[in-house]
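In order of appearance the chains are A, B, C, D and E, and numbering begins at 1 in each one.
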Amino acid sequence: MNLGRVRGSVVATVKDPGMVGMRLLLVQPLDTNRQDTGSCVVAADAVLQAGPGDLVYFVASREAAEAMEPRFVPVDHAIVGIVDALEVHP
Amino acid sequence: MNLGRVRGSVVATVKDPGMVGMRLLLVQPLDTNRQDTGSCVVAADAVLQAGPGDLVYFVASREAAEAMEPRFVPVDHAIVGIVDALEVHP
Amino acid sequence: MNLGRVRGSVVATVKDPGMVGMRLLLVQPLDTNRQDTGSCVVAADAVLQAGPGDLVYFVASREAAEAMEPRFVPVDHAIVGIVDALEVHP
Amino acid sequence: MNLGRVRGSVVATVKDPGMVGMRLLLVQPLDTNRQDTGSCVVAADAVLQAGPGDLVYFVASREAAEAMEPRFVPVDHAIVGIVDALEVHP
Amino acid sequence: MNLGRVRGSVVATVKDPGMVGMRLLLVQPLDTNRQDTGSCVVAADAVLQAGPGDLVYFVASREAAEAMEPRFVPVDHAIVGIVDALEVHP
């Protein structure tokens, strides 16, 4: 999984039927020092309560769909946890 | 999923049988500020109505095939939504 | 899928049994302006007629195996189309 | 698989039900010379005994879930070995 | 698949049960001109006879496990061929 911060959301009328009712959030990936790295991704919110500013971890690739209900949806990024704390041993 | 903008289309006579009749579009990936990033990909149009200039989000990897009918096709990028609006909280 | 140009081929005697008889080509990925980008990949030729110099599109990740017959082979890049024309709307 | 070093752990209350009880560690990917490269990932600890400072190898993509019990979990990075020694022939 | 050169091997006592008895090699990915590019990966040796210095091609992502026996193992990189010759048409 990767760390990211929720930056906003995506509104789409024309979309795959498997995505109707799914919350789609803009997530900025973060590096080890929690600085922005790379481009925002559009992730489904599998925990249903992530919001702007939250530090989250998201799963990518085929496993993202495992977090959704039902599972056979064209989703390749999903938020699967909201981070309370990071314990770092440098 | 990633944000992208439709830039054109691909014409191919010799192709995998599973791709006959499929619309293949050139999509330029975009970064957080909607600037071009990386190289264009060739994506199947799963929503069937994306056109040049549209801001879309596309799914990559194995899940792209989930957006197609039938599903067992060699597709690893598919457009699954046309963006109406992005709500960004910087 | 990604755009690429066929640059050559690979000869291997010792290989996975699932790859015997498979044509393996060296493919150079191309960017939006059809310039070389990144490193050559070794792709199976699923259309069976790609040759040196051809502009092709190839599928990566797990879906590449979907283009092969039989399907359960350790292949993660496959050429699935030869490009006749690109229509680009800049 | 990739080489990495365990840097810490992640605490999350709100998470996917499939992740309850799973140890999630922060892993810094390493390059050929064992220097940091890229950003930390959040990996499940499939060997159940990796700790801060350990040199490990982790599996990414869909295969990471194969290392977990049960297997149908939204995990895309898992630690599957702790390195005792690297034999390098430069 | 990608081209690489075998650089060494990995010794691990604590590892996933599915990896017991599997040869794990350090492989340096190569670019089009056979120069080092990116970081070494840890790949399972599916051809069972790759050794230090060999020019090989390896498969990544979920398809790597297809090269192994049995198949349900947490492996995402596997060597599936030893290169005898590359025919390059520049």
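FYI, a residue touches a chain if its C-beta (ideal position, glycine included) is under 8 Å from a C-beta of that chain, and two chains touch if they have at least 3 such contacts.
Predicted, not measured: the structure shown is a model, and the values here were computed from it.
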Minimum number of chain-to-chain touching steps separating subunit C from subunit D: 2
Cα superposition of subunit B on its sequence copy subunit C - rotation in ° rounded to nearest 5: 70
Centre distance in Å when subunit A and subunit C are each reduced to the mean of their C-alpha atoms: 31
Distance from subunit E to subunit C - Cα centre to Cα centre, in angstrom: 19
Of all residues in subunit E, the ones touching two or more other chains: 60-62, 64
Interfacial residue positions of subunit A with respect to subunit D in the complex: 1-3, 29-32, 37, 46-47, 49, 57, 59-64, 66-67, 78, 80-90
Interface residues, subunit B side, partner subunit C - complex: 7-16, 18-19, 24, 26, 28, 36, 39-43, 52-53, 60-62, 64-65, 72-77
